[in-house]
Amino acid sequence: MSHNVHGHPQMDVQVERKFVPKVKDLGPDVNWAQINKDVLRSLEKPRPVFWIIFFSALALFSFGVYCEVYQYQNGMGVADLNNPQVWGLYIATFIFWIGMGHSGTLLSALLHIIHADWRKPIYRYSEAMTTFTLLTAALFVMVHMGRLWEFYYVVAYPNERWTWPNFTSPLVWDATAIGTYLTSSLLFLYMGMIPDLAICRDNAKGARRALYKFLSLGWQGTDRQWGNFKVAYMTMACFLMPLAVSVHSIVSTDFAVSQNPGWHVTSFPPYFVLGALYSGCSGIITLFIVLRYVFRFEAYMTQPILNKLIKMTFAIAMVWTYLDLIEYATTWYGSDEVAKADLLYRATGDYALQFWGMIFCAMVMPFTLLIRYVRHNYTVLLIISLILNVGMWLERFQIITPTFAKSHYPWTWTAGWWPSWVQWGIVAGSFGWFTMLFMLYCKIFPSVSMYEVKEMVHEQNLEGKAMAHANPESEQAPVGLLEGGQA
Amino acid sequence: MVGGSVGYRQGFHHVDEAAGGYYGRNFRMSHAKKIFLWFLMFWMGSSLVLAEPFVQGGPIGSQTSDGYDALGPVVEQPIEFPHNRHAGDMKINCMYCHTYARRSNVSGIPRLDKCMGCHNLIEGVKDRPRIKKLFEYWENKQPIPWKKVHDLPDFVRFNHERHIQRFYFQEKRPIRETCGYCHGDVASMTTARRVKALSMGWCISCHQKDHLEKVGSSVTSHGPNDCWLCHK
Amino acid sequence: MSLSNLIQNWDSFRKRRPYEDQYKDAPYKWAMVIDLDSCIGCNACTVACYAENNLAVVGKERFGKGQAMHWIRIERYWGEGEALETEFPERGAQYLPMLCQQCEAAPCEPVCPVGATHHSPDGLNTQVYNRCVGSRYCSANCPYKVRYFNWWNYPERAWPNPLELQLNPDVTVRSKGVMEKCTFCMQRLRAGQDKAKTAGRLLADGEVLTACAQACPTSAITFGNLADKNSKVARMWKNQQVDLAKNAQDKSEEGVRGYRILEDLNTYPSIVYLERLRNFAA
Amino acid sequence: MSKKAVTLALYADPDEAGNALRELRDCSVPGFKMDDVIIKSPIDHPELTELLNHRPVYIQLFTLLGVLLGPTTGLVLIASAQASFIYQTRGGRPIVPFPPDMVLTYELFILSGVLMTVISTFVAMKLPGNRSPLYNASVSEDKIGILVKAEAQNIPHIDEILRRHNPTEIKGDHSR
Amino acid sequence: MSTGNMDRRDFLRVLGISGAAATLAGCGHTSIESGVEEVMSYVQPQDFVVPGIGVFYSSTCTQCGSGCGIMGKVREGRVLKLEGNPESGISGGKICGLGQAGVQAHYNPDRLHTPMMNIEGGLVPISWERANQLLDEHFGTKSSLQGEQIAFLTGGVSGHQRVVLENFLESFGSTQHVCYDAISTATGRAASKTVLGAEQPLWNFSKARLILSFGSDFLGNGVSPVYMAREFAKFRKAPRGTLIQIEPRMTLTGGNADRWYPIKPGTEGILALGIAHDLLQHPEFSGKVPQEVLDLVKNYDRDAVSEVTGIGADAVRLIAAQLWNNTPSLVVAGPAVEGHAYGFSNAAAVQLLNVILGNRGNSLEGQSEHPFPQMTPTLGSYRALAELHKKMVSGNCQALLIHGTNPVFTSPTHLEFSEAMKKVPFKVALVTHIDETAGQCDLVLPLLSAMEDFGTHIAEYQPSGVELMLQQPLMEKLYPETKGFGDILLDVLKKRKPQEYAVFPDYYSYLKAAVLKAKPVFHSDEPDEHFWETALMNGVVKWEGKPTDLEAKMVPLEVPEPHGLTTDYPFYFVPSIRPDMRDGRHAYLPWLQESPETMTTVVWDSWVEIHPKTAAQMQIKEGDVLLLQSATGSIQAKAYIFPGIQPDTVSMPLGQGHTQMGRYASGVGANPYKILDPIFDAHTGELALHATRVAIRKTGENQKVVKDEGPTNLQNGQKLVATLSADQAKLAREI
């Protein structure tokens, strides 16, 4: 059991870099002290615009809370749900939020396992995003429940009534999977943040210092701590990757194990996982641009990293598109007439606008990412990343509503069912809640991993040194470095 | 303890113990103790859930999880009926008054003329205040507004008939045991008080026991456990 | 104890239902036959169900939102295809009393997170109101859409005094947030079974009827015990060549008109419908 | 043999720190062992850690324990809960059906793995509350600290070795 | 009052036992604390009363006039549910939805619980002393009212209520028992009487092989729907009979037809004569048919008939052939046939088919003789109301008592009944809830509900012999201030004729004495008490009778064409009768409001049914609010696209549009009575319900039609209601 599993054999690097002067993810000679300074600056007292946005989000959230209280007191009827349309926006948005979380894990765990170092400056906030989207999604499970006050019936614990939850229910799998995922990603986020919390501790005063002191658990960066830390972090990453895949597969079983047309599809698990990664990646792009702008993280969130992120998003979008299309194809060429009718209904019925909206936003829009201008214009990119997510939300709406509207039983079909303001209010409130949490997070915790950026710089320096040693000319050619960014 | 069993880094301990507090505080709790504390907190938290403060049936203490030994509150009744006189001293069979128990879901309160049937003839106690009250109700032809002591939630059906038929008539158990299993030793009380939990787990704990299938047979089975047996 | 239970009864825990003769030794398996040729669509069953089972009247607005609470509903179809073939419905309307099919392999059962719905020993698909947390998954998964959710707190306003005096004390009044469904008038069955058990016998055929079957003026609904091979229902099932544990029936005889609705979804319903007849010569 | 005194040298350059370590390794201070050296650094420096004696990491053993025990006990618990559940949901499925139980077991496998990893890591890292007398905030910024424990009389010797490699600072706690 | 009755009352007392009163707590958080709920027991109950176990009491359903025997399930003093009484030959243990809702009429939150008096245009509660004082003033011994000055307006009444009522009138020397039914069958009865010799013959479904129904909804709202439905179910068993229904708007019965034909409203008689024309071609008839009939039928050949009725010539031939091949058959006519200016002729022409086909004595027989003619049900008619109206307007009517009918709501606008009511100085309503008519009365007396009162009933349609149906209280009265109908009248009678009535302390004792007096008629030699107890227990006393012979004759009657459509009023207007709402008297029962109307599945509303073709032509979509304009007036309702209607016809259900009938009825839908044109049957003078012509205008508004049906009413290829050809089924082999 080696303690330096992450180590780079330097000789390989030498050979590889000899003839291919590669665009570096970070600029040369980024000062370590500067990293601390830059990142810690983001924790300083916020500007007024922060509070404006924060309180808007709070207001939105409060409205959501109001809607939920209203619903709690009067019954689910205020949401205009009805007999076939039993789930509505709650479950649709629940899947949306769960999905959003997956890319944080992708960036932090999968890319960590495969030593894709460009993840380092951006994984921290994406992982935070994962945690908060999961918290938001968990809210929807509660909001959706008809008898919220009896939620503890779903929890498996020996009790006075001698009852257990029903382990065959996908909802119980969901609860377990989400619980596991939330626990694990929270621990993963926290674990990865401990060295940074120590930095914060060393630089903070007063109450904040007490907080960081408590949270950093006395981290000192000793060799043993680092050694164990690296192993543990890698081990957790190895757990998190299959976990993330399983979570959204399990969410997909909520639908795939049921009899309903449009849901009873074998390709649902991968389709859901890819959809989750897709919406998560575009969410990360959105936050990338926002954080980069707000905290002036140009030195760390560089164009080369963004380029990689966009490429990954595009690739995922394409796989997702493929899976979506084969889902339609299998339905279309299959013999399930009801499912076929349901598919037709999606494309031509009451929710055709949403369907084609989804096709446009989530299948067509990704192609704009191929345009260099789009990749380099942050405003446009921000808008596109938001559009992609709108598309993904519409996709979730598409899964739920038309299936209920036109299921097996013709008598209970619904025409033009539409959610009430309460549902919209709660959905809007969830965005407020997420924004609030994320903004608070950004002001309390470093949203860029300082120690890992340092590692990155360190390794770049090592590589540079090695290259300079082997091939002195290449030193002068950092082509495209920091384009559109730092300078 | 976990810390102890892991103890593979003795070398460091000394430094750390020698360290005092870098932050100026002397934090001397041992590692093992801390982990123990965490476990303690976890255990307390989970036992809190187990204690079910949320469950219907009132606060903890009004019923015990095993269903025994918590004498319920005294209930003000319109007439303080002395069960101890009737069932205790005079050894009247419970079903003499609670006559519906063997043929209906509810055991029922005895009809007023049942009381009168005897008390009309018992001259000696007619001047007692409780009996006077009884006569008052009778003369006004008013039913007595008794308060319910053994109350079940409205979504629960309990069938007295089946239990009485089974345990009293088939298995020939003494009546005080049969009724007292749920109602406690009413013969020692004046007005009845709840003794047993009457909670779901308490019901099930009995239905899970092995009972003889038929009287005299050696085949046993547990009581029925269909949800709809009790839930309506 | 649970572990020993697991080991002792492993075989029965691994048994997948329905299987042939699963009710052979069982005292009861409730089932129904509904003769669509007899059903005249008069709604007597519907109202009887409201009366027996404390169903809430939801009012116009909520009915319009699709929040009606009828456990049995009379569906009226004009045709079997996707369009009415003739200008007028020349062969009359097609009435279908639709209630919970009490499926043997009910899609609603495995998906309930808390097990509020499960399969009773006498073959009913139960719903325990107080266990329900209101995830509505069962309704989402029910192909017949015969589960009804309490979107509102009906006890508050559906029975203004003294209407509440009519409520059946044997049936819970459901409050907001729980799912409810046809129970085959479980309270009647329970009372009857208890009586029979005290008398040391089984329920006789026709001794207990559901409210709908009892009211039905044309006796289109036959209710009974399928486990009793001599009951009317069992004989009708056999006569119509419908087997509880099959998802595709072998119909060897001509003119047999029993079928189960959406049988191909492998739900194994406990209600057999008899095809409607029409004299096409007229 | 108790080692009461400690000294800490801070280096800006990892190479210099490496040289210092090498020299420490080769030095012949009586009673001094490489085990007494602790590196404190803002990032992991495997190339420096290599210079210390091999310090094994046992976390994955515990992870293994977790992934073995967690799912097995979980599966048994789930199956026995299903078996002794008062109401046994069927819906056409066996009472103890494998596919759903496998899903849950899988989640428990990961959960117990993660939890065991985290717990064992904290134990191994002696967190929380592992505080050392000689800590300098700059090791969380950009300096590499080499902390050496030694008997008080040997400290000057070690300091001298450390000082040879251009440390930015050396501080020690020689009082005890 | 006997002691037995005393016990009974005690038993009927509502008790708060085992959560009965607290059932509403529901499955949420209910109290299980000790000492919160009360549990009571009876003082002196009968031995069979066991708490927690329901006891069934027999009674009679009064929701419609069919006289079904019912049983009320009583527990802890509350009646919980009604079932059919198997002892009753009419209900045979079955019950319809309307009957089930009887408990809601009883527990209705809008029940009237005190006497009310009109003071300055509004009803205010008063005490019974005041009410009695008012009654005494007008109807007491000092009353100056006499003869025709006093009138009693009722719906259908039968049994001893009718006897008491008529004795009450008689004590004033009045015979003015006016019986009004908004859905009168008087025309049909008259036609039947003329042709078949009986107003309501017995229909032997069991003997018929084919039923040809001209707009008769005998399964939904005929003379005895539950009995007819039971018989119809037998008719549908092997050998399966065929039902052919011809009507402009598909009724519940039409929905069950093997073949349904839409016909232009009012031309049914012409079609019947056309069928007769076809039938009489058969050589068997030569020389057996009166020449007048042959002459009459001669002009109605297939093509001519087809042109007028809109039914194809082939269809006419086919129907005739079916009738010929399936004997005995049964031809019945319903309101759709009768409600025209020549409704009588229409109906008579239809009945003529029965005579031609020789159904008399086979599928048609006369009802048995009646031992109690004074107790037979009074059958309402519009003409009776019109005549009363004349008297009211002329000022001859000084006091009017109203019970069981609601003319202000159901009379057409042109009658101006509420204006006429203002001319009557003293109007008393005896009701259980305030409706539009009671709202205009001077004194409103709260009646016991049907679940609280004693009574006897005799149904109009007696399938075999005569059944005297007993009605008895199923629970103690909910409101102490309410009083029985019989008791109120008896109180007045006791004052007016003390020598005859003073012996009866209450209506119960009167009833008991009266029934016991009739004991010899039932050939019973049981002791009185036993006879009475048995009668109450069974809920019915049967008088064996035999079906009588019918004196049918072939009466030739000219059937003119109905007046056609004009450009101003281009649609026939057919008010449809809902089986549960009837003329609107049940609109205050929430179960019925929420019960989807079978053909359309619409709830809580009125609607206009339009054929899809017509709707497409006029670009009308479902939910478009339409203005229905007749020569008399206009109403608005939402459009409902309905394939089961003749394309030139629009239809609207009766019974909704109440303004004053409690929370469940008020403000729901619109009242089609108010646009009916003043067209009357030429022979009987009855209002022609189906003769109005209307124009439709879109108001531009569109509202959601609240219905159970979804966006489709087709099965979309799923096997939901499969249909099999009748000749393929092996019904005889079935169980």
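Letters A, B, C, D and E mark the chains as written, and numbering starts fresh at 1 in each.
Note that a contact is a pair of C-beta atoms (placed from the backbone, for glycine too) under 8 Å apart; a residue touches a chain by one contact, two chains touch by 3 or more.
Please read these numbers as outputs of a predicted model, since none were measured by experiment.
**Student:** Just to check the components: without chain E, which chains are still in contact with one another, directly or through others?
**Tutor:** Without chain E in the graph, we get one piece.
**Student:** Give me the set of chains touching chain B intersected with the set touching chain D.
**Tutor:** Where chain B and chain D share a partner, that partner set is A, C.
**Student:** Return the chains shared as contacts by chain A and chain B, ordered by label.
**Tutor:** Joint contacts, listed by label: C, D, E.
**Student:** Based on C-beta pairs in contact, work out which chain pair has the most and send it over.
**Tutor:** That would be the chain pair C-E.
**Student:** So which chain is the furthest away from chain A, centre to centre on CA atoms?
**Tutor:** So the chain farthest away from chain A turns out to be E.
**Student:** Find me the chain with the mean Cα position closest to the mean of all the protein Cα atoms on display.
**Tutor:** Answer by centroid distance: C.
**Student:** Measuring centre to centre, with centres taken as mean CA positions, what chain is farthest from chain D?
**Tutor:** Using the mean of the C-alpha atoms as each chain's centre, the farthest one from chain D is E.
**Student:** Whole-Å distance, chain B centre to chain E centre, using C-alpha means?
**Tutor:** Centre-to-centre distance between chain B and chain E: 55 Å.
**Student:** Could you work out how far the Cα centre of chain B sits from that of chain C, in whole Å?
**Tutor:** One centre to the other, that is 36 Å.
**Student:** List the centre-to-centre spacing of chain D and chain E in whole Å, with centres computed as mean CA coordinates.
**Tutor:** 89
**Student:** Which whole number of Å gives the spacing of the CA centres of chain A and chain D?
**Tutor:** 29
**Student:** Of all residues in chain B, which are in touch with two or more distinct other chains?
**Tutor:** Touching at least two other chains: 9, 12, 23, 105, 153-155, 204, 226-227.
**Student:** Could you check chain C for residues that touch two or more other chains and list them?
**Tutor:** Correct list: 68, 73, 75, 77, 96, 107, 110-112, 115, 118, 126, 128-131, 172-173, 176, 178, 262.
**Student:** Can you list every residue of chain D that touches 2 or more other chains, as numbers and ranges?
**Tutor:** Only 56, 58, 81-82, 85-87, 89, 91, 93, 100, 120, 124, 128-132, 135 qualify.
**Student:** I'd like to see which chains touch which, written out pair by pair.
**Tutor:** A-B, A-C, A-D, A-E, B-C, B-D, B-E, C-D, C-E
**Student:** Which part of chain E faces chain B closely enough to touch in the complex?
**Tutor:** Residues 10, 13, 15-19, 22-23, 25-27, 29-45, 50-53 of chain E touch chain B in their complex.
**Student:** Please output the residues of chain D touching chain C within their complex, sorted ascending.
**Tutor:** By the definition above, chain D touches chain C via 76, 79-85, 87-96, 100.
**Student:** Residues of chain C touching chain B in their complex?
**Tutor:** Listed in rising order, the residues are 118, 120-122, 124, 126, 128-131, 170-173, 183, 186-187, 190-191, 194, 197-198.
**Student:** Okay, in this complex, where on chain B does chain E touch?
**Tutor:** Touch list, chain B to chain E: 56-58, 62, 72-73, 75-76, 100, 103-106, 108-113, 137-138, 141-155, 193-194, 198.
**Student:** In the complex, go through chain A and note every residue touching chain C.
**Tutor:** 74-77, 80-87, 144-148, 150-151, 153-154, 163-166, 168-172, 175, 254, 257-260, 404, 407-409, 411-412, 414, 417
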